[in-house]
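Chain naming follows the written order as A, B, C and D, and within any one chain the residues start at number 1.
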Amino acid sequence: MAEPVTYLEAIRQGLWEEMEADPRVFMLGQDIGTYGGAFRVTAGFLDRFGPERVIDTPISESAMVGAAIGAGMMGLRPVVEMQFIDFIACAFNQIVNFAATCRYRWGQAVPIVIRGPSGGNVRGSAFHSQNPEGYFQRAPGLKIVAPATAADAKGLIKAAIRDPNPVLFFEHKYLYRRIKEELPAGDGVVPIGQARLARAGRDLSVVTWGAMVHVALEAAGRLEAEGIELEVLDLRTLKPLDEEAFLASARKTNRVLVLTEEPLTGSVGGEVAARIAEKAFDWLDAPVARLGGPDTPVPYSPTLEDAWLPNVDKLVARVRELLSH
Amino acid sequence: MAEPVTYLEAIRQGLWEEMEADPRVFMLGQDIGTYGGAFRVTAGFLDRFGPERVIDTPISESAMVGAAIGAGMMGLRPVVEMQFIDFIACAFNQIVNFAATCRYRWGQAVPIVIRGPSGGNVRGSAFHSQNPEGYFQRAPGLKIVAPATAADAKGLIKAAIRDPNPVLFFEHKYLYRRIKEELPAGDGVVPIGQARLARAGRDLSVVTWGAMVHVALEAAGRLEAEGIELEVLDLRTLKPLDEEAFLASARKTNRVLVLTEEPLTGSVGGEVAARIAEKAFDWLDAPVARLGGPDTPVPYSPTLEDAWLPNVDKLVARVRELLSH
Amino acid sequence: MAKTSRGLGPLHPQVAPAAADRLARTSLAREQQLELYRYLQLTRMTEARLGNLYRQGKVVGGLYSSRGQEAVSVGSAYALAPQDVIGPIIRNLGAMLVRGVQPREVMMQYMARADSPTGGKDANTHFGDLSRGLVAPISMLGALIPVMAGVALAGRMLGKDLVAMTWIGDGGTSTGDFHEGLNLAAVLNVPFVLIAENNGYAYSTPTERQMRIKNIAVRAAGYGIPGEVVDGNDVLAVYEVTKRAVDRARAGGGPTLVEAKTFRMKGHAEHDDAGYVPPELFEQWRQRDPIDRFHRHLLAEGLASEELAAVTAEIDKVLDAEVDRALASPFPPPERALEGVYEEGPPAEAEAGGVGAP
Amino acid sequence: MAKTSRGLGPLHPQVAPAAADRLARTSLAREQQLELYRYLQLTRMTEARLGNLYRQGKVVGGLYSSRGQEAVSVGSAYALAPQDVIGPIIRNLGAMLVRGVQPREVMMQYMARADSPTGGKDANTHFGDLSRGLVAPISMLGALIPVMAGVALAGRMLGKDLVAMTWIGDGGTSTGDFHEGLNLAAVLNVPFVLIAENNGYAYSTPTERQMRIKNIAVRAAGYGIPGEVVDGNDVLAVYEVTKRAVDRARAGGGPTLVEAKTFRMKGHAEHDDAGYVPPELFEQWRQRDPIDRFHRHLLAEGLASEELAAVTAEIDKVLDAEVDRALASPFPPPERALEGVYEEGPPAEAEAGGVGAP
């Protein structure tokens, strides 16, 4: 085991190692070269890998993704950085209609990764705080990944790059420099499509991902003092969902709360809750609850954003409600 | 009561009457003027209302929506036609980030309508068959409407135009010329946000919208012969959802199936099912089931599309399963 | 470079019929010209067969024709080398045929048959096959432009010495992806050629309501790349202009925007009678029919009219067989609807083994 | 119109410093020039105050500066009439001030206070108020261009005789919306002026990696509209060029694309030390500082240096009060987070009562 590294550094290492290992891997993004990226995820890459593999692009999200699709079809492994993941909206058509459908329509794999900083709690207001997974959950052919730990961030970015399908990789910027872990030795690749049991417990399962995993763990710690044992399942991959994992957890604890940082309506939390409600119905002792943000854009002011975000207090309150059902 | 009119004609009338009644209403779209629209929804409008109010645009979905936003802010009531609703993906950023957020962020209403033909069963393949509601369900600030009958199509397009918020109006092209009804006399406006009980029944509620309402009604007819009484709830508005209506139906029949023509994962069907499962839990005698399309693009060949689409046989089979739960 | 108009008058067509119907000078040999002739006729005659199938109710969705525009697709694709990659759109059947697509493939696509290249999953010309240098479009116009720029980029990175080419209609030039894709291609200086096929209309919308300029090619200056206007109904001119662009791209000179002036001689699709097109426009352009003109050119060049008739006779025979083979294919089995959303194995390796390989 | 380069050499800056630092000829009277001077100083000094607040930890998010570019915003907005509508972006504080925005409004926005125009919901210059002719942007660059084209369209339809204006950076010109919006505006011939603010960089990306052309203005030809290059550090030149564009738009002549050459004298935002900018560039542009130049011009025009010092002294006093008022505002109450997603009543009526009204 080495020094503990941040979530951001873990992503950087994952990208770096894949660039080292596979000459097909290259990057497209705004300010990723000389500047090393707005969050410095790719600092040093230009020097090491050169301008043909670390390409600073114009401000053209749609063309960045389009070019990645073309290059991916040709056998390369492009990784596109969105400076903030919110700007992915500008590439929506290329992603859901082009990248996601080629395999089905004409058998052509599109091995691309689109990554970038998502999430709130950094006072980024409406366009630098989004969790856009709910926009993409409906697009057949995509994979969506959202790691909560440094080890997963590194292991999953590697898996995403090696995956022969288009993968959206949502990094949570609140976690970038706030969590630190020792990483496992070796390759450390983490398979896409597998949830992680972040904490075992018998009384209620919190199914979540991204920064909310840490909220759930903190709530679990708080409730433990009262003898309440939360199970925390970190989905890690949002598409395809690890249905077996959350159904198993539901069958075990018989009570489930799905926690998301998205505005609740239309969130991935809905899909997860609907599946549990349908497929684990006979095991449920309480309704499958959901906790998310309100159905508004993310507000800027600290008082507003703090009120907006799901947090430990809100979660604990909902858990108590469910346990008394 | 007048002659029965088609779903398409009902939309045409609704648009026409609003254009007549309110000089602020105008239209932007490709080929909507001289040609009267790819489906002839706006046939005759150019002659009546002139080129300043019936504007043929370049092939620029993002700019069409953007211009509508600007004009809407200025107090006009723009109606944008997508030639096929699939192309709405090209305007995604303008819709979810611009139109939908102005009211919350700076108090500015954006009274625009974006309408167009959606849905499959017309051999339109992957890009002329989509039901994109699942992509937009997550966007706070939008309203989404998807009528199933001619009366609702007319009444809801009027409501959409009068609504001071951005409204996505998804017309189902399979219904355009396949259903005919006498329309109610008078204004006939149908409020946004209210579901419609399409058929009362005691045994199981099918909650659905768009063309699937007719599938549900046909299934209900078939099951009636066996003494099974389906209730069919037509949501009509998908955002904001008429939660009271589907919860009431769930409490009444104690069994619910949510039916959607979307690929199932990430569909609006997930949101609806999750809410029922959470808020009507104690009334449920069976899991909230969902039936939708497979998680693939819509295929072209008749044998494939027929296998793909939810239909009466599939629905009846699922209903039987649920009733024996 | 063409001059810009600031007025809003009638802007199309711009290319005066060449004096005495003389076609462009060419370096192409007799055999090559004969080959061009064959592809032009193959395109038109394949589309005629598709029209028959449509009228027989065999075509499942809409049918799109390139009638009157065949020289654009054929002439431009003929300028490519075997390693080059094309991304044709709906009216580029001729380009696909030049690149080796068989007529039955397209017939089966339109008829949604099991043995079509997409196995019935997608329609018309919407299929691709990288092993044949063919990328499939999506319906959203413009989207292929950045994708083909990416193909060109990859080609350079992989040392494949290839040029990527795609086409866009006058209408499609109004999309954001046209701008983003062409600008990115220019900035990255990739080997990419974009043929803007200005056929006077986008569905019912005349070009002057699509843009306030007479020549799409002037936009090239906005990307710092060469732009050329060519008579799209002169197959030799299209070939020569495209060849220069392809050679420049291959030599590291970056992208070119070629505008081919032509005319859509039918409606937008088979269902559309194009009542919005003034009949005299059709008449004018009929006199510039690219195949008739090339036929006259070949006769003037000394080819025998029997020689040319033999070409069409041979094509007719080929097409009889192609239609039969296409019709013999069944509809696909229903379970195929569920297959193939995700790639399961690793995708095909880049042949040259990575960026920077020679 | 400026000429296009096909090379990829260093492309910025293009405007040679005017001989002997002479500013453009102007029709503006002394009082108006003094007013321009006040707005230039008000912009710079307000931003200086914001910098203080930032360093005191009072600014909640990032802080963006227009230092060195003030003449672009001020000179262009000054060319507008009261009924005109602007859509400023992040570096157009000067334009907002010219249009009557108070410094405290922007301070409260940055500090996320309850009494900010958005009530703490949105940040920085991201606020609008149609009653003051002000449209708020979204962060996604380019998106405002079609929106402001729509404002212009509505203005014409409502007979309001207004011109809509917005700004875009060199980087933002690469977005699809730039192209779609400008093309739509051109085709519809709406009264719209787009100021492309070429400040050498988009974040860390120099203009020559953003585009393969020296002058953004050449793109105007691709839309069939006039394009002009102006020295963005000469407030009089910016004013005069913009005024012509605004007058033309108001007279029914359609949109204009104005490119103002300037330089971003700080990093992208306050956190960015702009280490990627060669120091000599800063030095060169410091010598062309728009306020210094205008100051010298006014002295040469016969204004007394005391008169100009009085202007800044007055501003300083104003800003003291503005800062105090801004700081006095509390953070918004938490429940506001949930309010106002939907408009409940009917939206404000179009004042003129409908399309075609005079």
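One rule holds for everything that comes next: a residue touches a chain if its C-beta (ideal position, glycine included) is under 8 Å from a C-beta of that chain, and two chains touch if they have at least 3 such contacts.
All of these numbers come straight from a predicted model, not from anything done at the bench.
S.K.: Of the chain pairs A-D and B-D, which one is connected by the greater count of C-beta contacts?
M.R.: Pair with the higher count of C-beta contacts: B-D.
S.K.: Name the chain whose C-alpha centroid is farthest from the C-alpha centroid of subunit B.
M.R.: Farthest from subunit B by mean C-alpha position: D.
S.K.: Averaging over Cα atoms per chain, report the distance between subunit A and subunit D in Å.
M.R.: Here subunit A and subunit D have centroids separated by 37 Å.
S.K.: How big is the gap, in whole Å, between where the Cα atoms of subunit B centre and where those of subunit D centre?
M.R.: 41
S.K.: Distance between subunit C and subunit D based on Cα centroids, please, to the nearest Å.
M.R.: Centres of subunit C and subunit D (C-alpha means) sit 43 Å apart.
S.K.: Take the average of all CA coordinates in subunit A, do the same for subunit B, and state the distance between these two points in whole angstrom.
M.R.: About 30 Å, centre to centre.
S.K.: Got the subunit A residues that touch at least 2 other chains?
M.R.: In subunit A, 58, 60, 62, 86, 89-90, 93, 97, 101, 104-105, 126-127, 140-141, 294-297, 299 touch at least two other chains.
S.K.: In subunit D, which residues are in touch with two or more of the other chains?
M.R.: In subunit D, 118, 121-122, 126, 138-140, 174-177, 180, 183-184, 187, 209-211, 340-341 touch at least two other chains.
S.K.: In their shared complex, at which residues does subunit A touch subunit B?
M.R.: 86, 89-90, 92-93, 96-97, 100-101, 104-105, 126-127, 134-141, 239, 241, 258, 262-263, 265-271, 273-274, 276-279, 281-282, 284, 286-290, 294-297, 299
S.K.: Over in the complex, which subunit D residues touch subunit A? Could you list them?
M.R.: 60-61, 112-114, 118, 120-123, 126, 138-142, 171-172, 174-176, 202-205, 209-211, 276, 331-338, 340-341
S.K.: Show which residues of subunit A lie in contact with subunit D when the two form their complex.
M.R.: Where subunit A meets subunit D, its residues are 30-31, 34-35, 38, 56, 58-60, 62, 83-84, 86-87, 89-90, 123-128, 294-297, 299-308.
S.K.: Tell me, which parts of subunit D touch subunit C in their complex?
M.R.: 4-6, 8, 174-180, 183-184, 186-187, 189, 209-213, 218-219, 221-226, 254
S.K.: What part of subunit B is in contact with subunit D in the complex they form?
M.R.: 22-24, 26, 52-53, 55, 57-58, 60, 62-76, 78, 93-94, 97-98, 101-109, 111, 140-141, 143, 162, 164-165
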